[in-house]
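Okay, here's the structure, questions in a sec.
By letter and in written order, the chains are A, B, C and D; residue numbering begins at 1 in each of them.
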Amino acid sequence: MKRVMNSGQTLVAESLAGFVAAHEDLVAFGGGGRFLRRRALKPGKVALISGGGGGHEPLHGGFIGTGMLDAACTGHIFTSPTPDQILAAMDETDTGAGCLLVVKNYDGDVMNFEMAAEMAAPRHRIDMVVVEDDAAYGPSVRSRGRRGVAGTIVVEKILGAAAERGDDLAALKTLGEGLSPRLRSMGVALRGVTVPDNARETFALGSDEMEIGVGIHGEPGLSRQRLASADEIVRLICAPILDQLPVAEGLHPLLIVNGFGGTPPIELHLAYGLARRFLEAEGVMPRRSLVGTFVTSLDMAGFSVTLALLTEEEFALWCAPVATPVLAW
Amino acid sequence: MKRVMNSGQTLVAESLAGFVAAHEDLVAFGGGGRFLRRRALKPGKVALISGGGGGHEPLHGGFIGTGMLDAACTGHIFTSPTPDQILAAMDETDTGAGCLLVVKNYDGDVMNFEMAAEMAAPRHRIDMVVVEDDAAYGPSVRSRGRRGVAGTIVVEKILGAAAERGDDLAALKTLGEGLSPRLRSMGVALRGVTVPDNARETFALGSDEMEIGVGIHGEPGLSRQRLASADEIVRLICAPILDQLPVAEGLHPLLIVNGFGGTPPIELHLAYGLARRFLEAEGVMPRRSLVGTFVTSLDMAGFSVTLALLTEEEFALWCAPVATPVLAW
Amino acid sequence: MQLDAADLTALIALCRAEIDLHCEHLSVLDSAIGDGDHGANMRRGLEAVYAEREAIAALPLPAALEKIGLVLVMSIGGAAGPLYGTLLMELGRGLPDAPDAAAFAATLGRAVEAVARRGRSGPGDKTLLDVLYPVQAEVAGRAAPARIAECAQSAARATEMMLARRGRASYLGERSVGHEDPGASSCALLTTTICLYLKEHAAP
Amino acid sequence: MQLDAADLTALIALCRAEIDLHCEHLSVLDSAIGDGDHGANMRRGLEAVYAEREAIAALPLPAALEKIGLVLVMSIGGAAGPLYGTLLMELGRGLPDAPDAAAFAATLGRAVEAVARRGRSGPGDKTLLDVLYPVQAEVAGRAAPARIAECAQSAARATEMMLARRGRASYLGERSVGHEDPGASSCALLTTTICLYLKEHAAP
């Protein structure tokens, strides 16, 4: 796989440096370059800290700013950050109200954030919200639940707005956990991913194949199928999402179509149009929408659909002003 | 090449439908679906109308809104729109001050816009600004000049802000032509493009090749080379840009790194960081920057760098408020 | 030039079938030195004309040609749309209702000039004009249809060694040499189709 | 367990070389049922330990092990970092300065339990614990180093037929069966390297 890079070793670091340079009004390096932080912290506000492996850009750094994250810790490609990064972020952005860690549900991410939280427990009030929105896998008897995928930005936006208005740690935790059962995503890949410096693709798809239920690490998904029409693809990923959501009057649907990095805008908007039509035919009328490339798996071709059914309060928080490199309204 | 689509015939139309649905607050179909228009026109303002082939999304529709375009006409993939689309756009968005057509410099685009302008001459005041920013090709003795590529968004933003503040047709034309010699772009592709329904790639690159000086239609570029490091690639495309620009004190550099559709954000930000370092080492300090996927060539992998050296006035117009699906500040 | 409604309908159907048959080939030519869409563009244009063939054939020849040109302009887009459209529209506008051979040749000459003005191009630029110019010369010289068809084909082939100075291929410079121009190719296909029909059906 | 500074330095160098040698293989295993980075992760960790080997080797054994664990945690990331880190840190924290075999086995047992708690996992989940448990049992039974190494290797191979219930592979369900677990594989490699060294160099 060809990439614009100098080496696989330096890809993440050089990309972060470029990102900070491009958004120096909002974002800065913290902790000697170990994490990204909001340039201007708001004293007395709970520090919202997230992070995860590299290769998912613009997640999480793109969501740092007013009304969203205070810090983002990035690991190597598809590798969660280490506890020292997370510790440094807590030390630098906790202005007294404690830290809320927003973690995507992968064993590696959860363990690293937990270790950091244990180490920092003597000097910070800390709580954690684990994002698990992937509709491809239900929590089985012994597994640790659904993966966290593109729905992460919904959690970060809503908690970010709540933190900005002054919610305390406990309220944020309650808000985040309340949202979880009303947030689902599902993805499809048309072309797999090669981790830089690896000789082989993590998964390779034939020229007429697609992989349904993929995550965001180029890992294999639920099932491999013959490439279908966009209508059929949209049906295959929207139906399971709807099945798992408590559709009801009074909830405000938010629809996100997210590109995985190698999918052009023309296809994302097409997918959005079809997803919206599918949902509306099922009686679900999106109140707000977002189409773009937000949570990637390097340059994987494909996309995911996220549907959130928001309460009145959550919806207001979603609509609240935000000023970050990626979301701004 | 695999795509998220139902058919090559319907790709553009279905994508535009999704785009309008996703941005219904700002954008609407006009002329019975033949073009996209700003939902709320501003009476007495010169109508800024652009357009071109499909496959370049989010250009041009993504730049419709306050402070930028009033209408965008989209053709089939890589095929300029037809005069009837452009006529319909003029008829519907000219509120009395005339129409300025912003056209990328391709024979097909220029001819279709010219035919439309001739046909509409009896009922509209019309002028045209042709964007020709591609540094890969200098205007040779008989050719019709440089291609219009990602610099188009600079022209559309600056003219859009000027139209919004009330500049008349002649002033806009002067502004657009004045900008031209201070605007250059150059691109590189790592993977070619297959036009939907075509059996073959327009150009195919070997697994260790890149194409320097590509345009935005998957057409071959200036030269084919062995894939180089990001540092070297950035040098290869930034040096010719700098060579062609009248670098001088008092001009405000604007730097844009644009993805061609198949390039993930992690690589675009890396390229931005290196391009910025390259320029700063040459004494050019970007005052504003933009990194993202704005002017695509379907899902071509690669990117372009655009550098504009703006006058004080142009810089103020670039910074002026804008509210479109893609640019908003 | 005596073409009645039946002739026109037949010619439209034949041209459409010919372009459909060579659609992929035209796009392959365009992929080499352009953006790979010439086949699709021409097919879209001919399909649009075909869809309106009855209304078109009901018109007098000049109006029918002008209408064909307008349909091409409004359906093709790209470079080919305005160029083929201008050719047909100018031809239709210039022809008397019952043109003789001399009138047809003169009008064709003016239409080809209009195409050149539209494209700001001329002979040797490696475009469809490099087929139109020699075809017009043969028509002016009263050559037989078969001869005109041959001339169109060899003219298209001759674009292979030209260096493009107009259209997308011009950006390739020296790399454009060695590839037949797609527009010249489609122009030769259409010319041949029309000439062969005239040879079989039209009054000599 | 008598390991002096020279032994520790040598062991660090050997483990680093072994991981480097099998880096690609570990990533290929991880590509099949995970995200393809286990080789790179382990190499990064061992490189970090290697870079600090002199400072580490200068410490008493328990402190050295704890320090190794900390370096692994702070350099690897992913799942492997906290797991290997916890193992070494707990081992270091629990060992007396000059542990006898019984003390070592008991502490190893508690360290393995800490790993299981950290991962919220247990036997048969198709993880590195499926190597650690049997290795700990052999250590407790005073098996010879060569025997322990053999046990580690067959335990790693045995993960092939397990259905993953932890880590990324768990999302594959039935499709995880038929692939050796990368963490189990790296664990067997490291165990083997250490055991073979002990067999050659350490007092029996």
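To be clear about the criterion, contacts are C-beta pairs under 8 Å (C-beta built on N, C-alpha and C of every residue); 3 or more make two chains touch, one makes a residue touch a chain.
The UniProt protein names, listed by chain, are A, B = Glycerone kinase; C, D = Dihydroxyacetone kinase, L subunit.
No experiment lies behind these values; they were computed from the predicted model shown.
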Centre distance in Å when subunit C and subunit D are each reduced to the mean of their C-alpha atoms: 75
Distance from subunit D to subunit A - Cα centre to Cα centre, in angstrom: 31
Averaged-CA centre spacing for the pair subunit D and subunit B, given as whole angstrom: 54
Residues of subunit A engaged with two or more neighbouring chains: none
Overall pattern in which the protein chains touch one another (line/ring/star/complete/other): line
Pairwise chain contacts under the document criterion: A-B, A-D, B-C
Residues of subunit B that touch subunit A when the two form their complex: 2-7, 11-12, 14-19, 21-22, 54-55, 57-58, 62, 190-191, 207-208, 210, 227, 229-231, 233, 261-274, 276, 289-291, 293, 296, 298-299, 301-303, 328-329
Complex contacts: residues of subunit D adjacent to subunit A: 24, 27-28, 31, 33-37, 40-41, 44, 73-83, 85-86, 118-120, 125, 165-168, 170-173, 175
Sites on subunit B touched by subunit C in the complex: 53, 75-84, 106-108, 111-112, 114-115, 136-137, 140, 142-144, 147, 195, 197-203, 215, 217-220
